[in-house]
Amino acid sequence: MGGSGFGTIFTVTTFGESHGPALGCVIDGCPAGVPFSEEDIRRELSRRRPGGGGPATTRSEPDEPEILSGVFEGKTLGTPIAIMVRNTAQRPGDYDSLKDVYRPGHADWVWEAKYGFRDHRGGGRSSGRETLGRVAAGAAAKAFLSGFGITVRAWTSAVAGIDSPGPGESGFDLDEAERNPLRVPHRETAERILKVIEKLRAEGDSAGGIVSCSAAGLPPGLGDPVFGKLDARLAAAVLSIGAAKAVSFGAGFAAASSRGSLQNDRPVLKNGIAGDGGASCPLPPGVPDLEYETNNAGGVLGGISTGMPLEFTVAFKPIASISRHQETADREGNVRDLAIQGRHDVCVCPRAVPVVEAMTALVLADLLLLNRSGRT
Amino acid sequence: MGGSGFGTIFTVTTFGESHGPALGCVIDGCPAGVPFSEEDIRRELSRRRPGGGGPATTRSEPDEPEILSGVFEGKTLGTPIAIMVRNTAQRPGDYDSLKDVYRPGHADWVWEAKYGFRDHRGGGRSSGRETLGRVAAGAAAKAFLSGFGITVRAWTSAVAGIDSPGPGESGFDLDEAERNPLRVPHRETAERILKVIEKLRAEGDSAGGIVSCSAAGLPPGLGDPVFGKLDARLAAAVLSIGAAKAVSFGAGFAAASSRGSLQNDRPVLKNGIAGDGGASCPLPPGVPDLEYETNNAGGVLGGISTGMPLEFTVAFKPIASISRHQETADREGNVRDLAIQGRHDVCVCPRAVPVVEAMTALVLADLLLLNRSGRT
Amino acid sequence: MGGSGFGTIFTVTTFGESHGPALGCVIDGCPAGVPFSEEDIRRELSRRRPGGGGPATTRSEPDEPEILSGVFEGKTLGTPIAIMVRNTAQRPGDYDSLKDVYRPGHADWVWEAKYGFRDHRGGGRSSGRETLGRVAAGAAAKAFLSGFGITVRAWTSAVAGIDSPGPGESGFDLDEAERNPLRVPHRETAERILKVIEKLRAEGDSAGGIVSCSAAGLPPGLGDPVFGKLDARLAAAVLSIGAAKAVSFGAGFAAASSRGSLQNDRPVLKNGIAGDGGASCPLPPGVPDLEYETNNAGGVLGGISTGMPLEFTVAFKPIASISRHQETADREGNVRDLAIQGRHDVCVCPRAVPVVEAMTALVLADLLLLNRSGRT
Amino acid sequence: MGGSGFGTIFTVTTFGESHGPALGCVIDGCPAGVPFSEEDIRRELSRRRPGGGGPATTRSEPDEPEILSGVFEGKTLGTPIAIMVRNTAQRPGDYDSLKDVYRPGHADWVWEAKYGFRDHRGGGRSSGRETLGRVAAGAAAKAFLSGFGITVRAWTSAVAGIDSPGPGESGFDLDEAERNPLRVPHRETAERILKVIEKLRAEGDSAGGIVSCSAAGLPPGLGDPVFGKLDARLAAAVLSIGAAKAVSFGAGFAAASSRGSLQNDRPVLKNGIAGDGGASCPLPPGVPDLEYETNNAGGVLGGISTGMPLEFTVAFKPIASISRHQETADREGNVRDLAIQGRHDVCVCPRAVPVVEAMTALVLADLLLLNRSGRT
């Protein structure tokens, strides 16, 4: 089947089915000496479970991570880091009624069309629980990046068409995003969205939404020309998250209806010239330390980081499992009436926030190492 | 520097600077026996040059391809296919005035920040001419795909905020897209856009736009779970094209403000059950041959093709080289006034159309081969 | 640090330090439906521990494998297979006396020269215990191969210059190799070698040896031209085993002093022509089903399997940890007298046998899948 | 078909059939600023053609290289370097008599068994001419390595069982190896071998031989643990050369019959402690600068370079094309009598010498770049 590996130098392979014994990941290529512990993983894993009586009737598993290798006395050894979380609340019986029907909006039928069988026990590898391995690996990538002063933050910027204020807008508050279960960085917007979500839940329906992400502290120069571009890699990374349908960097789709004189970001001197002292980041000698007056580019030009914040948004479709009645087909091709029961979120965004961060951190860690190798 | 290779089984490496001796590509992994000739490449290369008095003051190079290896008597040998196009109209002198300033919206400064130098002769590898190797490789991928009945078509669906009718809408005509230099599939819209482009050109400005792409004839089952998803691979592929800023599959960003009951595509029986006869595509025995009533998913669910048309759009920012005056910084960090002269398009979309097709064809060819290997 | 991943389609990543919490592997790309269980792993792991009062004072850990994912009801799911073995007998204290000296024949100093530190607790990833993950992964590869009738067998063919009879020679008996702790396929030779080993142990010394490997049932056609050759891949695979210093295919070094008329293997008809019925293996239509009268090639021509048994030998240097006094250097560069204590084997070959098999099985499984993808 | 790409960071893809329009390579990942020109390639290509009335009736093509991209004003640009050599002396007719028979010792039948067809025009990609692209790429790798003081030299150390003196032995002279067409580093031995070769040629037979290689100036620390070992990578690299059957590092097969006390190389202080001044190569602070009294390891321990010369030998089988009569099979499975006419060498070693150097240089260049990325 393949496809569970990611990255070139800082690599990760995730494993685990939603209803198997355990899930986790192996990170290969993380340098030695990075402070990292199970507590770092636990913190990120808990962010996957917004809980709090919020929009998601969460599976209440503790998701207790165990580091099996690669870390000794609180620091990475440079060897592969294996992380495991045991599944404790498998209830495969929940899904028995679904084994002969193809749920609309799910990969049920394509999985059978591809592999000739399907693990109906809650999605197997296409379950949201697969992201647990990604988030654990992302915790290691974040730990590595923090040594370079790089931070990655994501939040829910819209649900069901209701937008939250964004960076630079009045009321935007990332701390608030960590406090409310929706991960919305604005309390009043969060409350409005919560009401819509409750209404949708009552109707047996679900909502799409948008997750925004910003990474700060990047040096200029991350990303390779042509096929290995920073934005190309990030696009693959975030579109590999279930339910993600679109990604947009900087002005993105808005740039498509704009004009060059409005979109071009103007470069201005930030500090001095490298080599003459005063450059704020490592630059080859003779290169001036610049920044840009605006950031329509979203921190990436020609596929290479500009040193400005990396900014992008990811669109997620509504949760496909809804309790409203839907018509679908079963294994004999018959029309079947379906109303999906069980614990399901209304909107995937709050849970997707740490996954978007994890994938972004993995790409940045990989590029930071690749960059070291390729510099003249 | 790296980053000029793409793909896993059906792979391509492109080479060539915009002002060096030649550009081209080497395709490794294309199976033997595929009908392919220089004429196939020539046709695609000519589509990169919309010409015709249209929006783009094109470089008038003939772009004559030569197949150096891998093809014998009109068929691929299975060996690496090397394709070369000599540069004939290099005029590096055109760019001498730009060698000490950083053009807004270009990768000039990030390139220097990364590599310590810059090839100011028209962009080097970040020039649009690099896509010539991609289009040549895409011609081979298309030839391979056509043996499976798979076609890939792209067109300009919007420029400067003016939208063209799309598939299923009145007046949509892909043949028209090949006739007009804008690659817009609707004559009246093309004429409206042309007027806007002429106005922008007169003002020394440029326009963004959107390219849409549709691939038909895909079997269900292309794409690998988790990180190797069809849409994730395509996103990386198209965002590696210069000036691309966003990609959206199916309902995409629109899905983010919608609800599950409206977004879920309903599966219905198309033909019979595989193994019982009547399946319209290769399916494992016992799996019904389904299709979907709608295609909000854009032909991909859980990262795997559904057999419905693959549909996505790519947003391109406005051409960064504009003749209007802009302020920028130079190598000493001084403020400089800049008005870029020379032959530049107003909107990149018409030239991007065959590149989007090429990248899509390369991803599909690769997945078709990967799929054969991984099937149980 | 990287480097713990192996393979293209059927891939494995191993993890675990000799004195950390656990060791294991994740296999990604194994097709679904392969019968596989912990018992298959246990059998192979027990072969790593020749025991029996034999040449090796083995660490007596039970090496109990646990499958964490990818297997359900005795069959692979097609998803990543994670396998873990907990370390139970860590005694890091054993190695404290060695933390400031560089053991001759070990990677102690080069590891420090590369990484700036060293895990002196018994070797970390350069310990023989790392091969546990390989052997577990090899068990899955063997299970996959057995569905195609492919078997992989290795044995100790020489120790300290004493050669065992080989295939086709009188007395050669692979069952005997499984009975004696030296894995020598000839009882009398095993007894002779055992005496030499006991003498060397008494002298505080160690012995080199040769492991031979034979894989039967391969179809012709495995391996890719140029860089992806079957023998090139196998060479990398087996030389990645600690203490391996050389590999030789078929007549190997002997061929270097021979002549063409003696080395060329003569092809003869084995069965009929493919497509006319009678071919004993899948062949393109019109290709005769051949075999070779001799097998100087060792089953590989031009890097592609011939359908004859794949035969190669691997030379292992003597175990570097010896209790005889040696002079070496310490961290201050001083000359130090060293006599390594503790439980050490005299010859690595018996333990290397299942590792050579595992690496061979992993290469063959990968090529079998690659072959399916690339065939015209 | 695939398999024509090699390397991770410093990568090469070769292209070209022996009788197609051109052969060559694309190098992706070579850093910018490396002095490199067509003259560097020409020098290496001429070493592939020992000529001089010597053992090989060489094809007399001039092999004139053209750099198509990636080099400007005598230095690499960091962009892909494409190199092309046109075929000028194709005489496909030479091979028509062979199109229905399978030559013993060649990949004729396995190629058909794999691909369903065969390019009988002199071998296609399995021809020795394919190595032209490798040697051209190796020239770039050597140019890159020379900036680090690393040199790679290979020579013919044995033909038909006649050994030349080796490094450290009386009469060994690498300059002599460049003077005589056999690439034997000892004039008298070369003359003896020449006589044997003439005798074999008269008998219509051929000879095997051994190529030895030594790389000097390597820093300690090249190579990755577990699967990415220096010797594992080199083994794959050199066994990808046609007719190579075995590779042996340092004492190699001889170590297999030796004992630990004789094989362990003793580390001794070479200079001071890194950080205290006096280390002769870049080492992490606090690590002593060591060397080894002997080099049985061949410059690699635990898969990582020790800083001692890297030393290995490669065994080549006798040239398979011989003019003596042989029995073989044809496409109908009939027994056929065969006597191969045409221009064929007696021993491949002289031509293999620059190819072994090229593959070694490519591995070392790749590891040097990888090493920069992975260091803590």
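So that you can tell them apart, the chains are marked A, B, C and D in the order they are listed, and the count of residues begins at 1 in each.
Here is the rule we go by: contacts are C-beta pairs under 8 Å (C-beta built on N, C-alpha and C of every residue); 3 or more make two chains touch, one makes a residue touch a chain.
Nothing here was measured: the structure is a model prediction, and the numbers come from that model.
Engineer: Taking each chain's centre as the mean of its CA atoms, which one is most distant from subunit A?
Structural biologist: Ranked by distance of C-alpha centres from subunit A, the top chain is D.
Engineer: For the interfaces A-B and A-D, which has the higher count of C-beta pairs in contact?
Structural biologist: A-B
Engineer: Could you tell me the distance, in whole angstrom, between the mean C-alpha positions of subunit B and subunit D?
Structural biologist: For subunit B versus subunit D, the centre distance works out to 39 Å.
Engineer: Distance between subunit A and subunit D based on Cα centroids, please, to the nearest Å.
Structural biologist: Subunit A and subunit D have C-alpha centres separated by 45 Å.
Engineer: Between subunit A and subunit B, what is the separation of their C-alpha centroids in Å?
Structural biologist: Computed value for the inter-centroid distance: 26 Å.
Engineer: Return the residues of subunit B touching two or more other chains; collapse runs of consecutive numbers into ranges.
Structural biologist: Residues 1-5, 9, 14, 29, 31-33, 78-79, 115-117, 125, 225, 370-371, 374-376.
Engineer: Chain adjacency by touch: line, ring, star, complete or other shape?
Structural biologist: Shape of the chain contacts: complete, all pairs touching.
Engineer: Taking the touch rule as given, give the residues of subunit D at its contact with subunit B in the complex, in rising order.
Structural biologist: Residue list for subunit D touching subunit B: 1-5, 9, 11, 13-17, 20-24, 26, 28-33, 66-70, 72, 77-82, 84, 115-117, 119, 124-125.
Engineer: Taking the touch rule as given, give the residues of subunit A at its contact with subunit B in the complex, in rising order.
Structural biologist: Its residues touching subunit B are 1-6, 14, 102, 104-107, 109-117, 125-126, 130, 158, 160-161, 200, 204-210, 220-221, 224-229, 231-233, 235-237, 239-240, 242, 244-253, 255-269, 272-273, 283-290, 296-298, 301-307, 315-322, 324, 326-329, 331-335, 370-371, 374-376.
Engineer: Would you pull the subunit D residues touching subunit A in the complex into a rising list?
Structural biologist: 8-9, 29, 31-33, 78-79, 225, 369-376
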